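Both of the next two complexes hold subunit A, though its partner changes from subunit B to subunit C.
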Partner chain A sequence: MENLFKELAQIVGPSYVSNQPEERFIYSRDPGTMEPREPDFVVLPATTDEVRKIVLLANRRKIPLVPMGGGLVLSGLSRALKGGIVLDMKRMNRILEVNEKSRYALVEAGTSQGMLQAYLKKNHPTLKHSVPDSPPMATIGGNVLIHGSGHLSHAAGFHSDMLNGMEVILPTGEVVKIGSCSTSPYWFGRAPLPDLAGLFLGWFGTTGVVTKLAIKLYPNRPYQDVGVFVTEDPELVPEVLYQAAGVQVAEDITAWMTPKPDWAKGFQHININYAADAPEELIWKRNLIRASLKGLISRKVGGFLPLPPPMKKNFLEAPQTTLAQFADVRKGGGFEYVGGIMPIDLFPRAYRAGIDIAARQGTTYSTGARIIGLGHCMMFFFAYPFNRADESDVDRARRALEETNREVLEMGGIPWKAEAPAQKQIIGRMDPHTLALINRVQSMLDPQGIMNPGNWEVR
Partner chain B sequence: MNDLKFSGEICEKCETFDCLTRCQYLKMDLKTAKEERHRLLRGEESRVLEECVTCYACEEYCPYGNHPFYHLVDQQEKLGVWPVPQPITKQQVLMMAPRGKITPKKVQPPVINMCYFPMLTGSIRGKLFDGASTIVGSDIFCNVMWLHFGKNSVIRQRLPEMIANIWDHYLKDSGVNELICFHDECYGTYTHLAPAFGIPVPFKPIHIFDYLNKKLDELKDLIKPLGQKVAYQRSCSNRLVPETQPWVDEIFQKIGAERVDRKYDRENALCCGAVFRAQQQDDLADDVQKRNLDDMAAAGAKFCVFSCPACLFTLGEPILKRGIMPILMNDLCQIALGEGMKGG
Partner chain C sequence: MEFADILHRCFRCGYCKFPNNYQDFNCPSYSKFRFETYSPGGRMWVLRAWLNGELKTTPRLAEILFSCATCGNCVEHCVFPKFKDDILHAFLAAREEMVNQGTVPPAVRDYLKALQVHGNPYRLPAGERGKWQDGLGLELYSGQEYLFHAGCVGSLDERGMKMARSVAGLLKKLEVSFGILGTKENCDGNEALFLGEKGVFNSLVERNIQEFQSRGVKKVIALSPHAYHAFKNDYPKNSYPFEVFHYTQILAMQSKKLMGLCSQPGLRITYHDPCYLGRHNKEYQAPRKILKSISGLQLLEMGRVKENAFCCGGGGGNFFTDLLGSGPESPARGRIREAAETGASILAVACPNCAKMLEDAAKAENLEGKIAVKEISELIQEHRAEGIA
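Moving on to the complex of A and B:
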């Protein structure tokens, strides 16, 4: 181990490697409910070549390697389940290129959401990327690789759909380019080549380490507005989502349901955010969205909430800071949620399941959904804040999360960025041929089994 | 309980039909008005119930003070003709519910009732309000807004409790009998709506304009005439108390402001549009706001003065974008007194 420390220090410099207990403690956990797992080392590389050397070293020594972005995944995916090295990518945070006309940004994988957002605002104010509702230090790379979603997901799908290309270090040390960048100096997209991005998306770092990626950018329109449609019958919500999404003028459609404050209990709120280049266009879009929901409005079973300016301002924020406030509602900094990726038809069942599970487990609930594409599916979240200092509260949240994962699978959804135990639940339901293919791909790419072991463990 | 003082007999004998024909939104001829009045008096469904935008103006237009608007809202609720989608109404009722967190406190005159606008208590400052006490919150909220939602039942249920809260927790034990109403809506509630519904009010409501007028007399030596053209945005609740209108002119005269002569002022005033949005009528809100703002701009107004904070919140930004400064009446007076506005 002493030799390994020295070898790592030779690669990244002594300031960027640690095996000290305080660092191992910090890197053993995230804000979710999963039990801590200490790594043996923490390393912060600064270049692709440093990453490549670390991978080769881990391969030679057969030591587990756990890539990590912002460490905010909440479901414990960057814990070192079998010890080894946590590869913290946050020093690789350079914004390498912004192609304005082709609307993409090439960044190193540790670039944070906040950095890119601020950079674009300052240097390319007409462009923006799809920001998730995580704290700004969450990384672009981490979020894309877990199939994240954000404020442009209605318009453009999962963040993995917005991926143009990647530079990846394979578990055996080769540096591979994925997408147009493999053949051209431009990072414009993944077509028309064989699409190898799927070998790394949704694999939780078990197939390689992504060091660079290019993502699509979108117009940052100067005029923005939001309508909050309110109903009190969850059965109506799929229709609301279907109609509002079908208009194709919104950027983001999200739902939120919470028992607090009291006035929100029992209602379903659907935020429809849209933007325009001119005030007239904004009104035109508003009218189209309203027209799509005219039937429900005229039946008086739903309508748009009159929004005082401060409330509207909050709803126009990206990311939503009120979510961060809710995350700490129990105090003590504990927060985790199940994000069930599922068809929008399942909204009523998911809504009721969230309320029932929270009641059974005696915990606070908050549910919501983000619409992906034109209502092609949604990420329905069941959030359970808890007080980390209160073990019984942590247990309650953990039980609620386990039950929610089961229920999501039972109703036909799939838990997103699933914790290791939930991955086992997913694997238990997976088509055996799919499972076998995953096994073959993992064995082919990572013959030593060093990459984030304990996740997607099918072998 | 709290039966409305509305006389079907008076209404039936009325030959003016002012409540319907003068409405700025229904656009009703005399023949239609006659037909619809009969339907309303028979307790039947009527397009008036469906199309009323709840601007309150018919309360002002009625030559007999017969409360046609309150009656209309009663009928909307009775027949389930909801002006606003039900989930919105239910949620607003919950949102504005009394929290029951009121605690008694001694107050000293002048006592300013800030209704449910805690964010505006900072307006109570300077020489105009020297030594004033303020009361504010959900437990003293006048609740007249439910007229917009077809929910007189909420007013009947909550208003007596609010009045009792003001009296029992603040005024009675402090030996104060007068309550300065910062918001038109409160003054309209206590002087007009409460009597119409037979709800007793144990204190004397004073309109903020009446109060300001008297204070400006006291402070007249300090006034530096503004020399500005000012548009006045009349609120819906001011329709309940049109007798307050001359006070606006008096204040303007005292502070050297010119109330611009424009189409949409006084009895012809246009609604701020907030309630139209709650009724899901954005097109109407856009149209009314545009006409109103065009009118202010054409009259050369440099300020638009409000008495209703809700109107200010609704129209403030669009007015500002037109280069006109939105301002509450007391803040305008403070400028004339050389006290300026916060931050400037």
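Moving on to the complex of A and C:
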């Protein structure tokens, strides 16, 4: 182990490698409920070449390698389930290029959402990227690779749909370019080539380490507004989403349901965010959205909520800073959640499931959804707060999480960024030929089985 | 440990690492070390593990704890209103625990030992304290409106002494009524308190209060924002109440007398907010008001200013212990690079610690030819038109 420390230190410098108990402790866990798993080393690479050398070393020594971005998935995906090295990628945070006319940004994978947001605001104010509601520490690379979603997902889909290309270190050490950058100096997209991006999206780092990626940017329109449509009947929500999405003027459509504060209990709130280049355009879009829901309003089964300015400001913020505050509901610094990717038809069932599970587990909840694409699917989330200082409360949240994963799969959804136990549940339902293909891909790319072992373990 | 009950409430969301526009990391220790353990959230979790017995006391743990510059960025940007105000209090309580255990880093131990034995971190005799003002013709305090407190850095550090001479000299020219304590001056104790040594701090409070009381001091002008903060917020209000001002606040009150100053046309300046004047005490305007009184001067603000300012890394005792000091990723070097990027040829400062940290950083970055670090009164003295004051 001492030799390994020296070898790692030779690659990244002694300041950026640690096998100290403090780093092993903090990198053994994330803010969710998964049990800690200690790495042997934590390493902070700064360049593609350093990552390549670390991968080669890990390969030679058959040591597990766990890439980590912001470490905020809450499902423990960057825990070293079988020990080894955690690669904290956040020193690789340079913004390498912004192509204004073709609207894309090329960044190192550890670039935080917040830094890209600030960089664009300062240097390219007419452009923005789709910001997830995770804190600004979340990385661009991590969020794309887990199929994240954000404030432009209604308009443009999952963040993985907004990926133009990648630079990846394969588990055997080769540096590979994916997308147009493999053939051209430009990172404009993945077509018209064989699309190899799928070898790395959603694999939780089991097929390689992404070091650079280009993502699509979108117009940052100066006039923004949000309308909140409210109904008491969850059965109506798929219709609301279908109609509002069908107009194709919203940038983001999200739903939220919470038992607190009291006035919100029992209501389904659907936030519809839209933006424009001129005040007239904003009014026109507002009218189009309202017209799409006119039928429901005239039936008096729903309507738009008058929004006090602080609430509107909060809903227009990206990311919404208040969302993290849910972790302090039980004065305990934690919440756990399942994001179920599913068709919007399942909204009423998912909503009821969340309430029932929370009641059964004796915890409170917050549920909601983000609409992906034009209502092609949604990420329905079930969030359960817990008190980190109370082990029985943590257990309660963990049980609620497990039950929710089962329920999501049962109804036909798939848990998003699933933790290792949920991955097993998914694998248990997966088509055997799909499993066999996953196995072949993993065996081909990672013959030593060093990449984030314990995740998507089908071998 | 006091405030232990908030440690588990940190979610480690990481808002505390950033300024409000997220442009770069704004926590000095995280910015330098880049391990999660050195971030405010990581520190909260590591402390909890230490108190629970999951982690032992080690030199690494001590470094994690004492490398916090106590700049207050985490308190400012934490999104949990119900406990954010106690984040720094918890870190200080943990430092106090380590002081009591005798397990602080050697540099912290040496600082506290020097302060205890010599009354200053430079291990110099008290007789040296008054030398900074030789030749200025300043009066000892004897009932003037203000007492001018130069502090340890202003009295004994070469860069600090230059600043103290400049500020006191300007106050004199502006006919502000003040006196000094010279060799009778004591350390204010801010660093001792923020390094977790309450005993030493309390004895310094007692000595200062006794000195002020015996001389009838009613108003104090502090050269250092650190002393300003300690006098204003950490000295007991009930024993001997006195008013305290940072020198920029006094200069701002004199701004009418400064209005005739002029710079060479187009002089471009940027200003670094000291944490203990700005974020801790919300004084952002006084220094800017003074700078704006110099006609022809162009103030170019950095991206991180006021409550979002990036600390030079000298707070919480780090000016003396240097746990954050070296290497290109040190906060001071990051800050001087940011200042240079504005296109300013001068970085104005209002704190002796910042002045030294940033001047050294400019040398290390080879930026001396591009940007000069100047304290505000030095800048004014340079541009003092004839006949003013």
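By our rule, the second predicted complex is superposed on the first by the 459 of 459 C-alpha atoms of A that agree within 3 Å, B and C clash if a C-alpha of one lies under 4 Å from a C-alpha of the other, contacts with A are read in each partner's own complex, and residues count from 1 in each chain.
Convention: contacts are C-beta pairs under 8 Å (C-beta built on N, C-alpha and C of every residue); 3 or more make two chains touch, one makes a residue touch a chain.
Bear in mind that the values here come from a model prediction, so they are computed numbers and not experimental data.
J.: Subunit B versus subunit C on the shared subunit A, clash or fit?
T.: Result for subunit B and subunit C: fit.
J.: So, A:284: does it touch subunit B (first), subunit C (second), both, or neither?
T.: neither
J.: Could you look at A:300 and tell me whether it touches subunit B, subunit C, both or neither (first, second, both, neither)?
T.: So A:300 only meets subunit B here.
J.: Output check: A:262 vs subunit B and subunit C. Expected answer is one of first, second, both, neither. What do you get?
T.: first
J.: Spot which of subunit B and subunit C makes contact with more residues of subunit A, would you?
T.: For subunit A, the partner with the higher number of touched residues is C.
J.: Between subunit B (first) and subunit C (second), which, if any, makes contact with A:231: first, second, both or neither?
T.: Only subunit B; A:231 stays clear of subunit C.
J.: After lining up the shared chain so the two structures overlap, which partner does A:324 touch, if you call subunit B first and subunit C second: first, second, both or neither?
T.: Only subunit C is touched by A:324; subunit B is not.
J.: Smallest separation in Å between any Cα of subunit B and any Cα of subunit C in the superposed model?
T.: In the combined three-chain model, subunit B comes within 14 Å of subunit C at the C-alpha level.
J.: Using the touch rule from the top, collect the residues of subunit C that touch subunit A in their complex.
T.: Interface residues on subunit C, with respect to subunit A: 8-15, 17-18, 21-24, 33-37, 42, 45-46, 49, 54-56, 58, 60-61, 64, 79-83, 303, 327.
J.: Along subunit A, where are the residues that touch subunit B in the complex?
T.: Counting only subunit A, the residues touching subunit B are 230-232, 262-264, 267, 283, 286-287, 290, 297, 300-306, 308-309.
J.: Name, in rising order, each residue of subunit B that touches subunit A in their complex.
T.: Interface residues on subunit B, with respect to subunit A: 82, 84-88, 90-91, 94-95, 97, 274, 277-278, 280, 282-283, 286, 313, 316-317.
J.: In the complex formed with subunit C, which residues of subunit A make contact?
T.: Touching subunit C: residues 15-16, 18, 20-23, 25-27, 31, 42, 44, 70-72, 88, 90-91, 112-115, 117-119, 121-122, 135-137, 321-322, 324-325, 327-328, 331-335, 387-389 of subunit A.
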